[in-house]
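Each chain carries a letter (A, B, C and D) given by its place in the written order, and its residues are counted from 1.
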Amino acid sequence: MFVLVNLKTYPCDPIAVATAAADVADDTGVRVGIAPQAADIARVAETGVETWAQHVDPIDYGSNTGHTLAETAAEAGATGTLINHSEHRLKLADIDGSVRAAERADLETCVCANNPDQIGAATALGPDSVAVEPPELIGGDVSVATADPDIVTDAVEAAGAVDESVDVFCGAGISTGDDVDAAGDLGATGVLLASGVAKADDPRAVLEDLVDPVA
Amino acid sequence: MFVLVNLKTYPCDPIAVATAAADVADDTGVRVGIAPQAADIARVAETGVETWAQHVDPIDYGSNTGHTLAETAAEAGATGTLINHSEHRLKLADIDGSVRAAERADLETCVCANNPDQIGAATALGPDSVAVEPPELIGGDVSVATADPDIVTDAVEAAGAVDESVDVFCGAGISTGDDVDAAGDLGATGVLLASGVAKADDPRAVLEDLVDPVA
Amino acid sequence: MFVLVNLKTYPCDPIAVATAAADVADDTGVRVGIAPQAADIARVAETGVETWAQHVDPIDYGSNTGHTLAETAAEAGATGTLINHSEHRLKLADIDGSVRAAERADLETCVCANNPDQIGAATALGPDSVAVEPPELIGGDVSVATADPDIVTDAVEAAGAVDESVDVFCGAGISTGDDVDAAGDLGATGVLLASGVAKADDPRAVLEDLVDPVA
Amino acid sequence: MFVLVNLKTYPCDPIAVATAAADVADDTGVRVGIAPQAADIARVAETGVETWAQHVDPIDYGSNTGHTLAETAAEAGATGTLINHSEHRLKLADIDGSVRAAERADLETCVCANNPDQIGAATALGPDSVAVEPPELIGGDVSVATADPDIVTDAVEAAGAVDESVDVFCGAGISTGDDVDAAGDLGATGVLLASGVAKADDPRAVLEDLVDPVA
């Protein structure tokens, strides 16, 4: 089980969260990653935590201004990247381009999408993983452990029908260890979290609770 | 074989092209369609030709300004629509939304994409057909009959691996009857054309030549 | 005072609203226009009402798919166009391009924006008019007649500081004749309306009430 | 005269260019800045050079993924930001939002645009400066010193007509000290450069030549 914490543009201390995540990963053996803003990748990676970009652009070296080049994210210390997050939706051709750019820079890729059809589509682009972000669960109080379990199992089935080698993450509805456990039971091999960890008074305690059932 | 002529925003007489297309379809039994601009759908449809929208937006009735509602295109006479044409690329979630909007209005759907991976992705969204527009062939003088045939067969294979019920059209590289024939041999069940017909001095003669091998 | 009714993609009968608008304009001498969807421009214009496009794209004749060409809107009967409506926001360079395209096709232009700074910017692009759509008033129950009058007067002042020849319309907060009157007192020479007329059981009665104070 | 070097996503060593720029600024007293990718802001700023972001998003702290928050760019060491560069065009409302976000984070702002009308519009949004990027000069071999001088003087006039306190930079056509000199004569108080410095074998020598006429 992979636990990836998206720091978004939250007013949090990325180093404090990253250090807690690195410690919890070390202590428990559970894979835990942190996705900071681009400008924070280098200092987050220096904590030793597995570091992901929140996005990379479908570009190569050249005349691009204000974009995130996969190679630059990798040089700064990222080893993976989210693509097409619900807060950063891309054109189909650009998701394809961003997956190719990330591969070129040896970044692991996770393409987000919000229903089984789109998960099937994302899977066809050949990323390492896809993350289902059901609109019913995004930003809400509904937990994937109590929501209609079809939300995740349909996504796992849709991805599997296209390419069984692509992992499926649960991209919403996760705030407790029980949720992580439930996501695993439904076929997810990873979970995305955000404010529950990033804005916690004690990120380490929250992370310990989260990984406890899978440690 | 379906021959669909995209009139784009060319300085052509849409009624003249539509009338020629309707006549050629009647005379030969070959399915021929015309995709005019939204403002021209009604008068093109009045010629009796099969009429397609060039695009519909991922919206429903409501507060949307300057968008194309699938139901309005259908009421004006369209029976199908292109989605995600290379000149109108959409976000993955919006392609999904546009396919759903078109289905709601009983419009046949053709989602365009430009390589086998994206064709697989487009197919996963469940349209009636997908059209491969290889960048090597778009707007160029290269004919699909003489280009690397893998361009089309790879797309047919990618679509078939996801959903065998989805047709594959050849979206570029078609300007003669031989090209239409070659596209069919490679597994395409439709072809998209544009300037070769729309800007021809004699659209009827061009269309007659195009459909001759499949009539 | 110009009263422009944006039909958006409402489930209304555009011909019924257009006919009512044409009659009210004839009866009262007040300028009343209707902005239907692109596919409805021709049949709305046939009622004799002043017809506007909801949007035109920053393009010329050529290879553009699924876009609205200003010339095609004009040929269908439009004599003006909204640009950058709050439901169809454009890049700065594309607002400029759309204004130029509309001028080329002899369409009157109204660029929308949502605060005095942006109204100043829109005015600098040289349209015939700008429409201020204060977020406080969009889609709400607040009337411009009772809202903070600075919302409109600041926009009038911002436009005037850049180019006094550009008219300022009030793009939100209008639902009664008193609102139209208030907008005029604040310096607006036009008002944009939408659902209040488009979704009314009796559009003619609503329009008559709206124009009464300025007839 | 302000000389700002945009490193884009060029395959250059940002530290080498930044160090050279810091040295040249120290040696000559000319203001020289470097705009690296977001992920490189911190290490570029550590060289002591004036550091700019290439872009900031129109967002605040919160749920935003893959975006550049002005405050994060500032914390990493940026003191200014480009907005609406020709390679990153924004919606009018988002340029406004990005200028406001940058102001909130105490970043100096330079809004790019590509003709006098758009320069007037950009000026109306109240940035510290605007940069004119005439399409005739972007990425070409044409020097502003030899091109039609109206290109820059019209922009200076358009900005001045809206707000005389906003500086005008010359955003293209600069590759030599003579160009910098010519831009100054035409009314520009800053120049944007990119590949001429970023991809130079000896960035220090190029910068020394560039600032020589204004040192």
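Basically, a residue touches a chain if its C-beta (ideal position, glycine included) is under 8 Å from a C-beta of that chain, and two chains touch if they have at least 3 such contacts.
This is a predicted model, so every value here is computed, not measured.
Shared contact partners of subunit A and subunit D do not exist in this assembly. Farthest chain from subunit B (centres taken as the mean of C-alpha atoms): D.
Chain copies subunit B and subunit C are related through a rotation whose angle, from the C-alpha fit, is 180° to the nearest 5. A separation of 34 Å divides the Cα centre of subunit B from that of subunit C. One simple way to say how far apart two chains are is to compare their mean CA positions; for subunit B and subunit D this gives 43 Å. Remark: subunit C and subunit D have CA centroids separated by 36 Å (rounded to whole angstrom). Residue numbers of subunit D whose C-beta contacts span two or more other chains: none are found. Counting only pairs that meet the touch rule, the chains in contact are A-B, A-D, B-C, C-D. Residues of subunit D that touch subunit A in their complex: 6, 8-11, 35, 37-43, 53-55, 59-69, 72-73, 75-76, 82, 85-88, 139, 194-195. On subunit B, the positions that touch subunit A within their shared complex are 84, 89-96, 113-115, 117-118, 120-126, 158, 161-162.
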